[in-house]
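In what comes next, subunit A is part of two complexes: it sits with subunit B in the first one and with subunit C in the second one.
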Partner chain A sequence: MKYTFEIICMLLIVGLFVLTQVVGNQFYFFIGFVILQYMVMATAWNILGGYGGYVNFGSAGFLATGAYTAVALINFLDVGLVEQMVAGGIFAGLLGLATGYLTLRLRGVYFAIATLALAIILETVVAHWDYVGGAAGTSILPKRKPELLGELIVDRKAGIFANYKEYLFFLMGTVAIISVWVARYIENSKLGRGLNAIKDSEEAAECMGVPTLRLKLIATTISGAMMGVAGAPLASYLTFIDPLSAFNLEYAINAIAMPMIGGTVSWAGPVIGALLLGTAQQVSSLWIQSELNLLIVGVVLVVFVIIAPEGIIGWFRKSRQGSRR
Partner chain B sequence: MSDALLKIDSISKHFGGFTALSNVTTEVAPGERFGLIGPNGSGKTTMINCVSGLLRNEEGKIIFDGKDVTDLKPHKRTGAGIARSFQIPRPFHTMTVIENLMIPAEFVGHHRGEKGDDRAEAMEILETMGMAEKADDTTLDLTQIELRKLELARAMAAKPKLLISDEAMAGLTGQEVDEVIDILFKMNERGITIIMIEHIMRAVMRFSQRIICLDAGQLIAEGTPEEIVKNKDVERAYLGSTDG
Partner chain C sequence: MAIFIDLLLNALVIGVLLGGFYAALSIGLSITFGLLDVVNIAHPTMLVLGAFIAFLLNSTWGIDPVLAGIISTPFFFVLGWLIYQVYYNVFEKSGAESLRGLAFFFGLLFIIEVGLIIQFGVDHRLVEAPYIGQSWNIVIGEEIDVAIPFRLLVAFVVAAIATLAIHAYLTKTFFGRAVRAVAQDMMALRLMGVDPIRVKRIAFAMGVATAGIGGALMIIVLPIEPSLGRLYLGNVFAIVVLGGLGSISGTLLAAVIIGIAESIVATFFGPSWAPAVSFGILLAVLAFRPEGLFGKTAGAH
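Let's turn to the complex of A and B:
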């Protein structure tokens, strides 16, 4: 069937909604949100990094752009979460476009360094911007009785969701599923094939008629926008935000590590990576020790680079090909 | 020859203080088999990079098919009908052989509004190259000559009017060289103009109708293969001064 994947996506979104209604323990939504957020980050990173071969080391900068767009909007207009996410996506998308323009001559490790520098510059700017809390950070009080299209969203008795954790979880889950759909669509489109050609040889691609600059700009914009959407609810989730947590290098590292572990050639790679690594990190930091999660990333990455350099997806494909021959 | 397919009008290219090309002017007629020779470092590849658009010449103009393409990006030039192969093969190595051909088919062909069966067309090109069996192999499994053929096949998939073959035969055995020449002859018979850059004199002399020779970025000779062989300047460029 032509729309099987779309139907599964819809069912998953419905499933997420049912979960928020059935499961009573808020804790699951609390950690579920983080894993889903990482799924969006990993998927977004993979559009540029996995398909196009451009390693973005500044993912945290895009995420924080989304987060701080939300903070500024809360301070300025007191808008709801959905509006924050749309705005966060727009601003981070524009940042992605600008990054693409500024770094279009850079390749390989130089592009990675430039994106890392971009995140550091942004962090410095935000740390000196008092309107959004500056270096000390700011507390965000979620709006009481928020409404969307006339419906009461979050209220203990009358709302669609009983609390903010459920609402945030549902929103992030929906974004994650849409992101994966977008990534899969790109993968099977002319854009995806063009990005693959760029990854293999940019000069050959250009000489074979691929408008390399345009495709790169589209990829940086989409990738950046997704990260911004993922970052926008961060302030509401933490109820406090400061540059240190929003620009945390952990975001950048995880956004790279998750697709690498899952496999960068397919949309399923970042999903698998985020589920495995995200869950392992959450479990270890909650039950064992909070500092353990970065160690896990390091160890898992080393193991994968050695035994499965093309990630879990690549490993499966290889073993399937091997059995065919 | 006012109806030349490609007009190179006094182009120059500098890299810092080094002059790679200086005031080169030449023309290629439609359907012509055109040879470009010269010692190492004489500017052959620079000239080809200027024609294909990977480099921009600082001075002079490049007119293709009646249009000034000097300021066009490489992919636009490919769209206009200039395709090239690379001296060192640059296959799309994460794709299969036929997928390599489908990139130009999709990006150039569809852009021109052609709606054919890309796969069937790619397969036909591979058949003329004797590579049909390799269609679904990854490029990592190819031999050196197969990689060279893939370079030409991929350029063909862009349906060019002008094909530039940049040392497609370097490092191949005598028999393999003949095989590649045959392929180029076949392409030419289909009406494609071909510029051949080559070090293997036997190949250029046999293939070309007209040859130019570059030395230190300057055009030093132009003529039929017979004329080029007898040309004193060419002899000097390749062998050094014969006077003393």
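Let's turn to the complex of A and C:
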């Protein structure tokens, strides 16, 4: 059927909603949010990195742009979560577009370093911006009785969701599913094939008439916007935000490690990587310190890069081909 | 007015000294990245590792940090040798160095940094030496005097000796010329009967080895903590790219330029803006003049 994937996506969103109504233990939503957030980050990274071959080291900068857009909006207008996420996506998308323009002539490592530079400059600027808390950070109180389209969303008795954890989980899950759908769409579209051509050889692609410049700008914008949407609810989730938590190294390493481990050639790679690595980190963080956790992520990344260049997906494909012969 | 001149003069002097120190941090990357085309983004974090080794030697046995740096240099040489061995066999040989090679070094950076956090925590660490904490005041005129901190002076002198020695080695000796030949034309070198991989391996190990002495200078100049490596990534890459890839003397000049720029910004706008300076310069150079001051084109090759 032509729309099988779309129907599955719809069913998954409905499934997420049912989960929030049935499951009582809030802990699952607490860690589920983080895993889904990583899934969006990994998927967004892969659009530029996996399809186009442009490595972004500054993922945390885009996520933080979304988060701080939300904080500024809360301070300024006191708007709801959905509006924050839309605004976060717009600003991070614009940042992505600007990054694309600034780094048009840069290839490979120079692009990677430029993105890292961007993240550090942003962090310095935010640390000096007192309106959003500066270096010391600021606490965010979620709105009481938020409404969307006339409906009361979060309230213990009358709301759609009993509390904010469930609402945040549902929103992030929906964003994750939409992101994966977008990634899959891009993969099979002209944009995806063009990006693949750029990855193989930018000169050759250009000679064949691929509008490399435009495709790169589209990719940096979409990738940045996704990360911004993923970052916008961070302040509400943590109820506190400071540059250290928004520009955390965890985001930068996981956004790279998850697609690399899952496999960068397909949309399924980042999803598998985020589910495996994200769940493992969340579960193991219960009994080992978070630094050790990150160390394991680093080691797993290096090991996978050395022994499994195509990631987990590559293994499956190889073993399938092997059994056919 | 006298205060302004006093501040400016101090900022300039500190900037030049800082520049010498930065040169010592960048010269290793100038070899591995500029000459050999191996993007060792873990280099600044290796420097921090060197600084922690100096800290350890200093705090347990009271060894002078400069001596500690010299002691740890062979260790880094071996480390670099091993890393290149893996890098060559896994990535360079199959031509897959771009995406996966970057991820490899990013992973290394990460492992070293998190390892240091687990071992030493995130507190700032210092070393003790007789020259740390003192400075030398030169009175120039009324209300104008220049203060030269000994810690910066020591770092500057050691850095100058080390970088000039490496510069001389690369330009004057037979092996140094072989390294630069590898950078220019590997195939031609192979035709001359030289094994370019062996040359690259030794040169890469040399580049990493500078992390020993460079790291020791780092902890002499400032208190260190594990995440400092990522902050210095901007500095060292800005210097190497600004100086022009493959140009050791360009690296020295660029280091002094960045040092002065940082010192002036720190003096007049506050030290917390300093990290943005080198990253800003790096972004500007990459966007407008990727070939740097001297040397071959970066970015668009």
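The rule is short, and it goes like this: the second predicted complex is superposed on the first by the 324 of 325 C-alpha atoms of A that agree within 3 Å, B and C clash if a C-alpha of one lies under 4 Å from a C-alpha of the other, contacts with A are read in each partner's own complex, and residues count from 1 in each chain.
Throughout what follows, a residue touches a chain if its C-beta (ideal position, glycine included) is under 8 Å from a C-beta of that chain, and two chains touch if they have at least 3 such contacts.
Just so it is clear, the structure is predicted and the values come from calculations on it, not from any experiment.
Legend: residue contacts after superposition of the two complexes on their common chain; A:Asn196 is shown touching subunit B, with no touch to subunit C. By the touch criterion defined above, A:Val210 reaches subunit B but does not reach subunit C. Contacts of A:Gly49 after superposition: subunit C is touched, whereas subunit B is not reached.
Between subunit B and subunit C, C contacts the larger number of subunit A residues. Once the two complexes are overlaid on the shared chain, A:Val265 sits against subunit B while remaining clear of subunit C. Taken together, the subunit A residues at the contact with subunit C in this complex read 49, 53, 55, 57, 102-103, 105-110, 112-114, 116-118, 120-121, 124-125, 127-128, 135, 249, 253, 256-257, 260, 264, 289, 291-292, 294-295, 297-299, 301-302, 305-306, 309. Contact residues of subunit B toward subunit A in the complex are 52-54, 73-75, 78-79, 83-84, 86, 90-95, 99, 102-104, 106-108, 110-111, 154-155, 157-158.
Note for the complex: subunit A touches subunit B at residues 190, 193-194, 196-197, 199-201, 203-213, 265. By the touch rule above, subunit C contacts subunit A in their complex via residues 39, 41, 86, 90, 96, 98-100, 102-104, 106-108, 110-111, 113-115, 117-118, 227, 230-231, 233-234, 237, 241, 272-273, 275-276, 279-280, 282-283, 286-287, 290, 298-301.
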